[in-house]
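Okay, so chain A shows up in both of these, paired with chain B first and chain C after.
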Partner chain A sequence: MRRLSWFNTTALTLGFAFLYLPMVILIIYSFNESKLVTVWAGFSTKWYGELIQNEAFLNAAWVTLRVAVISSTIATVLGTMAALVLVRAGRFSGRTLFSGMIYAPLVMPEVITGLSLLLLFIGIGLDRGVFTIILAHTTFSMCYVSVVVSSRLVSFDKSLEEAALDLGCSPISAFRLVTLPIIAPAVISGWLLAFTLSLDDLVIASFTSGPSSTTLPIKIWSAVRLGVSPEINALSTLMIAIVAVGVITASLITKRASLKQQADERAAVHA
Partner chain B sequence: MRRLALIIIPYAWLLALFLVPFIIVLKISLSDTALSIPPYTPTLDFSAGWVGIKDFFGNLDFENFEFLTTDDLYWKAYLSSLKIAFVATVLTLLVGYPIAYGMANAPDHWRPTLMMLIILPFWTSFLIRVYSWMGILSNEGYLNQLLLSLGVISEPLTILNTNTAVYIGIVYTYLPFMILPIYSALERLDASLLEAAEDLGCSRFTAFWLVTIPLSKSGIIAGCFLVFIPTLGEFVIPSLLGGSKTLMIGKVLWEEFFNNRDWPVASAVAVILLLILIVPIILFQRNEQKQREAEG
Partner chain C sequence: MGQTIFEPWNDPSAKPLIQFKNVTKKFGDFVAIDNQTFDIYAQEFFALLGPSGCGKTTMMRMLAGFETPTEGTILLGGEDIAPIPPNKRAVNMMFQSYALFPHLSVWENIAFGLKRDSMPKPDIEARVAEMLKLTRLEQFAKRKPHQISGGQRQRVALARSLAKAPKLLLLDEPLGALDAKLRQDTQFELMDIQEKTGTTFVIVTHDQEEAMTVASRVAVMDDGRIIQVDTPARIYESPNSVYVADFIGDVTILSGTATPRDDGYDIAFAEGQPPLRSKSDTRLDKGQACHLAIRPEKVSITAEKPVDAANAMQGKILDIAYLGNLSTYHVQLPNGQIIKAQTANTRRLSRRSFTWEDDVWLSWTDTAGVLLAG
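Here is the complex of A and B:
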């Protein structure tokens, strides 16, 4: 297979250049002195300075962060429960509808999810604001969490939990002491997924937010519709940097954890 | 008892915030436009008792759906969304397959890194990734600057605000969805099958065509649906990179709702979009099912 390696090398080089070059250009030009974003006029960090003083952006960032933390936390609890229902609860009436409601939001166009939730909020007279965005984000991200967690639960050895029950654990403490530690990595990645989905969402937030609850994507959206701006480049660079650091740290931690687990297992075998 | 609570909480949440809103959309799509708040009639009025409910059902009709068929804009938008989604899916496959192939044949110790490099863009803001192309594709953009300085072109190309820019945007943002399923299919492929084909006299290309492609078929199908389904209702990419001539149904729905404030028509647009999506979703699930059975 290595015979085709010139082809593979070209495909990979071009492919990754295509994926990363736009972001690299964006990052480079965020340090551009000129207001004209496409003309290089020397290195400067002044757009970052302006960004920090821009209160509208800071407020929007604060709203976004609050929404993301709260909605992803509720979504993780609900999504994990839903996963337990899907994998463990066996048959019950309405099961098909339940699994349908878990999978449908994953393929539902965002414009429809946003529209339908807005019509609900108006129908029951709920004022739109941070609270309604949290409700909306929790609803679609709990489905992602439950898919991630249930795929882990499927491969989970049920006899471990049964053993704990036989040894006198209550179902709740068996869940807390046995099941939860085993599915924890999936629960954590579910939370991270819900968190980024919420941070990232423009369409659903536009439908469900009120005038006082502008999120960062909505703010970015109204700015970029007018064209490329150096301030948005600076903001994007910061967001890319945070994500990159987060993802790389997370992958290093999981790598170390799996190495440690392997070492423990080896030690257990030899002992 | 505990099992019941476990079922009821997520169930009730989804009923209230997924199913009920959807029924409201369906209902409003069958209602008439009105110049009040909320801008549609009839509203369900329980206080009027049986008469209220009867009025409510009596006043529902398919007028909005008829309206969608009479105005060109809507069916043109549906057709053009289908066309854009289809072409973009084929383009993403053509770009994605060689990358997935390269990854599957890369040395083992590279693969985790390559995998992370494919997944990393998932975690970055979709909006920013689309936005990054605006500076590249505009008339004074980096691409035109490069081509002009190389002397390839003498006049700047108009790419931003055309369908070409929309295709580039879709391929760029949905590429990981195509690469990952193909990669996982190719990774499982048994190299000795290819050797066997070549021993039996196939050229390397024929072996690729007769062995590799059919064995990665399930990955190709999964990747295509994962790109096609979300692209059909896409809003951000046609709005930022497309022009006034780019018609996509997600954009029409948004404008109908926010600019024209015509809720019944926006709801009818949403209902039809969902009906169109049902076919590819069912085909996708069937493919997944078949794959699971083949593995299991």
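Here is the complex of A and C:
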């Protein structure tokens, strides 16, 4: 292993510190015995125990999970379709407008997206609840899916689809049997991205949620306004753990697949 | 030996498998194929040869069904194929990139087309086994495309496109990705497979040697038009234009004006040089501009002036290309014109007869060159 120069070491340390120090402190204090967040009084897991008994938190977690799963699934379907049109359909009239509309939520301030959705729901008389949050989350996470999937589609060899047609597939079965399996990694990471975005969205959810449908970020936000409790720390630590496990698994799977592919290709060359 | 020579294009009663009738294909204002009419016969190995952008790939994609002609019709077995989508055509294609499905094994790739026809499972297995045997891929059946070498991938692509026993197989630059040695072996393998299966092959290539090796007939294309369709030998020995003569093989083109004399022509081509003598069926008027295309191997190179040669002229050796089996000499005439002459190196370790700057005599017979109207 190459030794790092002092400059690289400093840059690395600063980078990691800025990114992860706040989280590390949060995790440490989640195991704090004391009720006072900033005073260390010894190690304990009691806040985790209390968390499990907190019905309000559990309900919010359940709402969040449902919203995330459903909205990211719909967003993946719609986003993939949008990506297909953008990459494949060539230059149709209105293409620029369409691509602009797809990518607008990427740069639109969340407050504005949230507010406009709220006005829409009021306008058409839709009662705010889990359903409206799902709609809102689908709207803004769909563009991320579309970005991820279209970047994969650009490098997709179109002759693969033509080969499928040539061998007797209808256009739909060519997509199902050839295109989809090949772009699956991009579709899955698009889904994961949408899922994560929905999981931790606060602004848009607070515009579009109703009294019966508080999501976890809203719950945490309102709890923190009354004062930070070690219970919140414990909850946040759990969320960090879930996200970290997901991200690490995903990257390990990708890395192993690419390593295996490289090894196979080397073997094929020497075979 | 009682074997009939395969030449359906000379048989007026033979029915062509494919007929292009006044086919034009435009992309916007760009004319990719310009009003072409020609036939391809069953069991032919037909090559579309031309530089990139000449329209040969468009021609093939119209046969496969990925493009439709702007004007004109294409008939397959007497039936207009324009309304038939690619997945319903009895035509299969081998793609230049092979287009193997990366997520499927070699076996599944070959079985892909058969499964679409909902063929019974035992039949699929038998057919795939047959194809694996034909392409010598038995031991790779379970591998994925990225686990095999380039040459093996090429054979998988061939097996996959042949599996459905198409009436017509299209090959788009099938050997482009292989190195020279493997390419030669594969050319003979392709011919062998074509003979065994009796399938009609249409190959698109920019490699003239490949087209000459494998094809029963070659169509030389340029700028959306077929310039000449003929057997490899006739394309080489009797090109119908300077373009074809120049595109296929090595050639020297001498331009001049013709004067009929006896049963041939005298061609004045340079000041201070005797006229070239050529016997030809080409009809030329007195004083008409013409070109004499002469292949290097038809030109002899000697130190002394040859007696009674129809054409003989002196020059200086400018360049020598030693190719192992052959040596090509570039000989410059006093007026600057360069003529290529080729000799076979039949003896090993012989003293080189000629070297740079040597004065030599070039000579050829009055039938060696092809006379083309200018």
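Here is the rule we use: the second predicted complex is superposed on the first by the 257 of 271 C-alpha atoms of A that agree within 3 Å, B and C clash if a C-alpha of one lies under 4 Å from a C-alpha of the other, contacts with A are read in each partner's own complex, and residues count from 1 in each chain.
The working rule: contacts are C-beta pairs under 8 Å (C-beta built on N, C-alpha and C of every residue); 3 or more make two chains touch, one makes a residue touch a chain.
For clarity, every value in this text was computed on a predicted model and none was experimentally measured.
Q: Touching A:A11 in the superposition: chain B (first), chain C (second), both, neither?
A: first
Q: Under the stated touch criterion, which partner chain does A:A267 make contact with: chain B (first), chain C (second), both, or neither?
A: second
Q: Give one of first, second, both or neither to describe whether A:E162 is in contact with chain B, with chain C, with both, or with none.
A: A:E162: touches chain C, not chain B.
Q: Looking at A:P181, would you say it contacts chain B, chain C, both, or neither? Reply first, second, both or neither.
A: In the superposed model, A:P181 contacts chain C only, not chain B.
Q: In the superposed arrangement, which partner chain does A:V87 touch: chain B (first), chain C (second), both, or neither?
A: A:V87 sits against neither chain B nor chain C.
Q: Is the number of chain A residues in contact higher for chain B or for chain C?
A: B
Q: Touching chain B and also chain C: which chain A residues?
A: The overlap between the chain B and chain C interfaces on chain A is empty, containing no residue.
Q: Taking the touch rule as given, give the residues of chain A at its contact with chain B in the complex, in rising order.
A: It is residues 1-5, 7-9, 11-12, 15-16, 18-20, 22-23, 25-26, 29, 37-39, 78-79, 81-82, 84-85, 89, 92, 94, 97-98, 101-102, 104-105, 107-112, 115-117, 119-120, 122-123, 135-136, 138-139, 142, 146, 171-172, 196, 199-200, 202-203, 217, 220-221, 224-225, 227-228, 232-233, 236, 239-240, 243-244, 246-247, 251 of chain A that touch chain B.
Q: Which residues, counting only chain A, touch chain C once they are in their complex?
A: So the residues of chain A in touch with chain C come to 157, 159-160, 162-170, 173, 177-178, 181-182, 261, 264-265, 267-269, 271.
Q: Of all residues in chain C, which touch chain A in the complex?
A: By the definition above, chain C touches chain A via 64-66, 85-88, 91-93, 95-97, 99, 101-103, 112-113, 116-117, 144, 146-149, 160-161, 164.
Q: Tell me, which parts of chain B touch chain A in their complex?
A: Answer in residue numbers: 2-3, 6-7, 9-11, 13-15, 17-22, 24-25, 28, 38, 95, 98-99, 101-103, 105-106, 114, 116-121, 123-129, 131-136, 138, 140-142, 145, 172, 175, 191, 194, 204, 229-230, 232-236, 239-240, 250, 253-254, 257, 263, 266-267, 270, 273-274, 277, 281.
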